[in-house]
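Across the two complexes that follow, subunit A remains constant while its partner is subunit B and subsequently subunit C.
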Partner chain A sequence: MKVRRCIVIFTVLLFVLTGCWNRRELSDLAIVSAFAVDKGTKENEYLVTFQIINPSENATGVASSGGKATPAFTVSETGTTIFEAIRKVSKKLSRQLFFAHIRLMVINEELAKEEGILELFDLFERSHEARLTSNVLIARGTDAKSIINMVTPLDNISGYVTVKKLEATEKVWSENIKVEVDDVINGIVSLGSSPVISGVRIDGDPKEGQKKSNLESTDVPAMLEISGIATFRGGKLVGWLDNGKAKGFMWVKNKMNSTIVRMDCKKKKGGVAIELTESKSSIKAEVHRKKTIFHVDIKEEGNVAEMNCPADLSKSEEIKKLEKSLAIETKKEVMSAINFAQKKKVDIFGFGEVINREDPKAWEKMKKNWNADFSKAEVKVKVEAYIRRPGMIMKPYIKEVPKLQD
Partner chain B sequence: MEKVKISSKQLFAIIVLFELGSSLVVGLGVSAGKDAWLAILLGWIGGMALLWVYGYIFRQYPNLPLTGYLQKIMGKYVGWIIGLIYTIYFIYLAARVLRDFGELLYISGYDLTPLIVINCLLIVTISYVLHKGFEVLARTGENLFIVIIMTGLTGILLVFFSGIVDIKNVLPILEKGWKPVFKAAFPVTFTFPFGEMVAFTMLFPYLNNKESVLKVSYRAMSLSAAILIFTTFLNLAAVGLNITSRSTFPLLMTVGKINIANFIQNVDFISIITLIIGGFFKVSILFYTAVMAAADLFKVEKKEKLVLPFSIIILLLSLQVANNLTEHFNEGMKVVPLYIHLPLQTGIPLLLVIVVWFRKRLNTV
Partner chain C sequence: MTRRWGRYSFEKDKKETEKELPFGDRPFVSADINKNLKRIKQDIGNSPDMTVREFQINELRVIAVYSDSLVDIDVVNNFIKQALTMEKGQSNDENNVFDIIKKNARASQEVKVIREWDEILLSILTGDTALLIDGFAHAITGSTKGGEQRSIAEPTTQTVVRGPKDCFTESIATNISLVRRRISSPNLWLETMRIGEETQTTVGIMYMKGIVTDGLIQEVKERLNRIKIDMILDSGQIEEFIEDQPSSPFPTVYNTERPDSVAANLMEGRIAILVNGSPFALVVPTLFVQFFQSPDDYYYRFHIAIFLRLLRYISFLISLVGPSVYIAAITFHQEMIPTTLLISIAASREGVPFPAFVEALIMEVAFELMREAGIRMPRAVGQAVSIVGALVLGQAAVQAGIVSSIMVIIVAITGIASFTTPAYNLAISARLLRFVLMILAATFGFYGITLGLIIIIAHLNSLRSFGIPYLAPLSPLIPSDQKDGMLRFPLWSMFKRPRLINQNNTIRENGNLQPSPKQNGGESKREE
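And now, the complex of A and B:
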C-alpha cells in the first residue's frame, strides 16, 4: 500500500516539477545593453538598432588572449513600433533579445525635431523586462545608430560607457543632466514643466569609431562626448542648451553638483577658477492678477581651485571680492538659461509646478495657456555665494615672481 | 465547538498580512490624486468604526460566528439565507484575490505561463495548509510576518538610498480640496481592505483568547493602515502621481526604480515576495471563512472535507470572474465596493447592531 502511494505521488510530482514554463537558458539570450531609434525609410517607421553584448569577449582573461570580435555588436530592424522591431530582429539573430539589462536609449535628433519623442516610451512602462531606470540621450549631429556602434576605450560596451560618462560629467562639471525614462514621461505629461534630455555626439569620424582599430592608437580617432541639453515643446525638440546656459539650467533645477566657474581678475581674463562644492536653489512663485513673479534663490559654496593672478587670499577683502564676482557670474549664466527658455517658451525649470504646489487655485486657471504666460513671467534671481577656503596656499606664487629689469 | 488555539501575536500577524494582501499592490485610492494616502487614512478611520460594530455584536454573542448570530438575530430562515450570501461572498472574494495574484505574477514574470497554472499552484498550497488546520496557518503567519517586515524594510531603505524620493511630488496636499479624497475613501479604501475585516467575524468566536481579540485587531489594523499609507506616499514621491495612477501595479514600478551605485538594481523580487506572502494569507483566510460559514450553515462535522471542493470552486471562479485584467480591475474598484462590499460589510452589520440594541432596550424596560 505504502509503495503504491509513493509511486502515485512521484508520478504526479514528475509532471509538476518539470521546471519553468517557458524557460530561456542563458545561451539562448542576447543581452541588450542599449538601443537606438532612428527614422525608418518609410513613413511612420522607426529604424531600431540594438546593441548586443558579446559575452565571450567580455569574459575576463579570455578577452586578452582572443580578442577577435568586438565586445558588443549591433543589429537593426524597422518597425512602426519598437516591439515590432524587437521581434523582427529574430530573423537576423540566433538568440532572443533580453532587455532586463538595458541602460541606454538613444534617440535621433532629426526624429526628435520632426516627429517628436512622445510615442517612444510606452514599451518601458508596459514591458516587465525593460526598466524605467534606463537613461535617455539624444544623438547630436549624427544618427543614433552610430552612437551605439562606437567602439570605446577604457570600458568596453559603449552603451554602458556612455551612461558612465554622463554620470561622471554630471557630477564634476554639471553641464548635463542624467534623465531616466520616467523623468521624460513625467515631463511629457506635465503641464507645468517640459522635459529635457542630454545630448551625445561623436568627436571624430563615426566611420572610424565603429572599427576595433579605434582602440589601436593613442590619439583615439573617435570618441563619444556628452554634449548639451535638448529642450522640448509638445514632445518636439526645439533647441539646445549649451555651456553657460546648460549650467544655468542646472543651477535653477537644483541639480548643480560641482563645476568650475571661470572668473576674471585684474590682469587676466578667466584667470580664476572656482570649484563649486555645494549649491542649493529654491523657487517661489508670486501670482498677481496681471503678472507672475518667480523668485529664484541660489545659495552656493566653493573653493578656490586655481588662481593665476597676484591676489592675497589671506585678506578677507579679496575673498569678499571673489564671492561677489562668483555671484555675478552665476547670475549671468542663470539668466541666460532663463532667457533662452522664455524665448523658446519651454518651461524646463518646472515653474508651473511651483505655482501648482503653492497656489493650486490660481494654477487651475493658468494652466491652459501656461507656455505663453511663462514666457512673460518675471524672474528674479538672487545669488548668495560663499568661498569657504582658498586651498593649500594663501598667497599665489604669481604674487612673488620678481620683476626682472632689463 | 472546537477551539482554535492561536496566540495574540499570531492573530496580529495574520490580520496584518490579510489587510496588506492585495491592497499593497494595486494603486489604492489613486482617484484622490496626490492625496491617495489621505484617502487611506480616512478609510482607516472608517474601518476602525466598522471594527467597533463587529466587536459590539461579537461581545453579545461571544460563542457564535457571523452565520450563527445572523440566525439568532434575524430569525432562522432569513438569517440562514443571509449566511449563505455571506458564504458566497467569501468565496467570491477569495477568487478575486486569487485572480489579482495570478495576474500580478503573470505580468511581472511568468509572461507565457497560463493563468490557470499559476492559480492552480497557489490554490494547491493553500488547500494543503488549510487541510492541516487553522493553527498551522496561524503559525506560518507568525513566521512569514517577520519575513515580510524584513523585506519590506529592506525595500524601503533601498528606495530611500536610491535617492529617488522627492517629497515635491506629493505636494500640494489637498490640491482639489477634501471632495475627491472623500470620494476615494468612501466606498473604495474604506471597504477595501479595511472593511474586509468582516471575514474575521467568522473566526473570532473560535479563538481561545477572547478578551484580547478586539484589542489585537485594532492594533493590527492600525499597523497595516500605517504601512499602506507609507507605501502609497513612497510610490507617489518616487515615481510621481502620473505613473502611479496609470500603472497596473505601482509598487512594482517604484521597486523597479531602485538603483544604488549601479550595483544594487533589479530587485523586483522584494516586492514579489512581499506580495506573494500577503496574497497567500488573504486567499487562505477568505477561503477558510467560507469553509467555516458553509460548515456552520450545513452542519458539516468535518470541515476539512469542504476544503477540496471549495478549492476547485475558487480556482474556477478566479478564472471566470473577468475576461481581462481591465475588466477585473474595473469590477474591483467600481462595482464591487459599492454594490457588494458596502451592504455586506456595513449595511447588514449595522442592521444587526440596531436590532440587538433595540431588543436589549425592550427587554430591560
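And now, the complex of A and C:
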C-alpha cells in the first residue's frame, strides 16, 4: 500500500514540478527572422529593429490575401539594452516576439566603430530562446535598419536571404566568412585571436529597396550584397578586409572552400581562371627569445576553369608553370592579409591560440602584450599548389586560330 | 428441473432422490412412455420445432424426439429406420429389445444411452435425436446434427495478399476440421466443454500434446471452468473472463479468424480456444509483438517481411503519438520546427479560431465519428455518407477556416497509420491512448508525451499473458527469439520455438536448411 501511495505521489509530482514551460499558440507569436542594432538618438541608447515574418504572405497554396502585404515588416524601438527594446516593442505589436527562429543580426558600422560590439551578445547567451547559431553581419555604408528593411527577390524574407547569400558566397567565392554569435563571443573572450564579422551593403538606393516595387522590375533597383570582412580590436571595428586580402585571410584560417584565382597567361593579363577545389592550411609557431616565427603551410588543389590564351596543357611543363604561378598568386594574397593584420595589430588568424596550444608557458608571458607582439612577429608562408584537371579539353582552340590566319 | 432467470442453482444437489421429488422435477427418465411424453412437452414448452414421432414395433411403443431446426432430416430418417428395423427373430425377445435397438442404431450413427433428463434435453437441443422405448428408463440418442450454416468464406478482418484464403465459420465442427486438416498429427489434441448455463456453448481447447507445457493447459482449463454465466455468444466474451489484466487498455489475448494462424500458433506451443458460434479463435499466451505479425509475413520472402513489420511498428507509433507530437511542437516547441515549415504552418493556422489542441480534438472526434459510422451504417447509404464525410471534413472545414489544412493532414496520416496494425484490437488501444497523449501534449508539451510513453511502457512491462511477460522477447530480452519478434529472420534460421512459451520440445528444424548451390555432386551426373 505504501509503495503504491509513493508511486501515485511521485507521478503527480512529475507533472507538477516541471521546469519552465510555456504554452503559446502559434497565432499569438510574431516570428522574428532578423534584427538590427543601430545607435539610438540619445546617448547610450540602441535603436533595435525587428524583422517580423508575415506568415500568410509566405505560404504557397494557402488561400491568403496574397499580394497585399510584404513578406516581412520591421518594427523599431529604442532602449539602453536590447531586451528593453524587445519588451517596449509590445506597444506597437499585437503579438509576442518569438526569437527562436532568428537567423541574422545586423550591426551598424558606426556603432561597431565607436562604441564596440562587446555588449550586444549577452542577451543571446542568457536567453533560452535566442540561438547562438544566428549569423552576425555588419551593415556597411548604411544603417543596419535599412538592411533588414529590404524587399528582396527570389527568397522573400531579407533576413534569411542575406544568410543564404553569405553561405553561398562563402562556398564558391570564399571572400567572406560566416560568423555566428558564438564565434563572435569566442573571439571576444579569447586573447589569442580577434573576432571578424562579414559585412553587408546595399547595392542601390536603400529607399527603393524598402518598397514592394523593388520586386517589380527586372533590373532590381536595390540589392543586398555581402561585402568584406570587418576586423575588431577590443570589440571595436578597426578595418575592413576586401578582395585579395579577404581571400588571403580565408586561406590562413583554413576556411577556403573554393574560389577563382586570377593569373596571367603569357601576355594576357588575368587570362587564366583557376578554380580552387581544395585548400588546407596549417600554422606552426616557433617562439624565440626575441621574436616569434609563424609557419603557414598551405596546400591547395585546383582545376583550370578557363584559359583565354594558347597553352598546351597536355604538356606537363605548362601545368608546372601554372602551378607555380598559382602558388605565387596565393602567397601574394595571403601576405597582403597578414601585412594588413599586423599593421592594424589585430590577430584575426588566431596565431596567439597556436602559441597557446604549442607552448602554453610562453603564451602565459606573451598574452598580455600579444597585439603588439603579433605585429612584430615574422610570418613565413609556404604554398604548395597542384593543378589536377585541365577541364574537358587539353589544347585550347585559341591556339589554332592564329595558324589559320597565317 | 426448471431454471429460473436470475437465480441459478449451479450446484446441483446430487443427494435428492427420485422419490422425494414431484414428477416434473425428477432427474431421470421414467419407464412409462406416457409420462416421458408428457415430460418432454412440459420441459420444452410445446415448441413447434420439436418433433415427436411415435412408432409401434409389435406391441412396443417407441417415440423419437428431435428438433426440426437442428437436424438433417435425411439422417434422422435413416437413423430411425436403422434402429427400429428388426431382423427376423429379434423382436421376439421382449427383454432384449432395448439392446437390439441400441445395436441397430449404432450401425448408422454414434449412439449414447442416457437416463438423465437434462442430458437428453441438451442433446436434443444440439441436434441429436432421442429414442424413448416403452418400459425402459433409458433413452438412446443418435447424432443427427445438420441444418443451415455459413460456408467457409475469405477472411474479412485479417486479409493477406499471399497465403491461405479460408476463414473460420460459426460452426465449431467446421473450425476444428479446418485446423485438423492443416495438422494431421495425433498430437493435435482437442478437449471440449460447455460454457453458458442456458446457451450451453461448446468451447474447444486445442493444443499440440508434447509441445505445449502442461501447466498452461491446466491454467486455461481452470480459467474456463471458472466462467459461470447464462450465455456465451462469441469468443470475445470468453476473452473478457480469462484475460490477465482486465483494466489494461492492451489486449492480452490474441484472436484470429485464420486457421493457418491458429495452426502456426499451436506449433509454437500455444493453446487455441474455439467457441461455437464465433468465427474468431482465441490464442493464448499472447505477446505484444504478436499483434504486429501478419500470417503472410511468413509467406513472403524475409526481406519484405522485415520491412513490413518495421513499417507496422512505425505506423503504430504514429497512430499513438501523431497528433500529440504536432500539438506539442506548435504550442510548446516552436523553435524545433524548421523555419520554413513553421512559417507555412503559421500561415495555415492564421485565422483558425481554436487553439491547436481543440482543433486536433475536433478533427479526431470527427474522424472517429466517420469511422464508427462507416462500420454501422447500412451498406446502401455507405457511399453517400463517406463522400459527405470526406468533403465536409477535408475540404469544407479547411475552407471555412475552422481547422487548418496541416491538421487535416496530421489526422489523415494518423488514421491511415492506425489501419496498418494487423490486429484490430491493438489498433483500438492506440486509438484510445491517443486522446490521453493529446491531453498530456496540450498541457505539458513533449515532456508530457515522454511521461505518457514512459507510463505506457512501464505498464506494458507489468503485463502478463498466462504467465508469459507481455513484452517478451524484447523485455526480458531473449536473443534467440529476436528472430521472430520485431523482425522476421529467414525461416531456415529459426531453429527453435519461442523460448518462454515452449519448453518441452524446442527444436523445430533439422540442421542447416539454408539453401545453397550444390558443392560437387551435381556435375558428375551431368557427365553421364
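By our rule, the second predicted complex is superposed on the first by the 375 of 406 C-alpha atoms of A that agree within 3 Å, B and C clash if a C-alpha of one lies under 4 Å from a C-alpha of the other, contacts with A are read in each partner's own complex, and residues count from 1 in each chain.
Throughout what follows, contacts are C-beta pairs under 8 Å (C-beta built on N, C-alpha and C of every residue); 3 or more make two chains touch, one makes a residue touch a chain.
Here the structure is a predicted model, which is why all the values come from computation and not from measurement.
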item	value
Contacts of A:Lys269 with subunit B and subunit C, given as first, second, both or neither	neither
Partner with the higher number of touched subunit A residues, subunit C or subunit B	C
Subunit B versus subunit C as contact partner of A:Glu358, first or second or both or neither	first
Partner chain(s) touched by A:Asn22 [first = subunit B, second = subunit C, both, neither]	both
Which superposed partner A:Thr133 touches (first subunit B, second subunit C, both, neither)	first
First (subunit B), second (subunit C), both or neither touched by A:Arg4	neither
First (subunit B), second (subunit C), both or neither touched by A:Ala100	both
Partner chain in contact with A:His288 - subunit B first, subunit C second, else both or neither	neither
Partner chain(s) touched by A:Lys92 [first = subunit B, second = subunit C, both, neither]	neither
Subunit C-contacting residues of subunit A that also contact subunit B	21-22, 100, 131
Residues of subunit C touching subunit A in the complex	330-332, 334-335, 339, 342-352, 355-356, 399, 405, 442-445, 447-448, 451, 455
In the complex with subunit B, residue positions of subunit A that touch it	21-22, 100, 125, 128, 131-133, 182, 185-186, 189-190, 353, 356-358, 360
Partner subunit A, residues of subunit B touching it in the complex	107-114, 117, 168, 171-172, 175-176, 239-240, 242-243, 246-247, 253, 256-257, 259, 265-266
Interfacial residue positions of subunit A with respect to subunit C in the complex	11, 14-15, 18, 21-27, 29, 31, 33, 53, 55-56, 58-60, 62-64, 98, 100-101, 103, 129, 131, 160
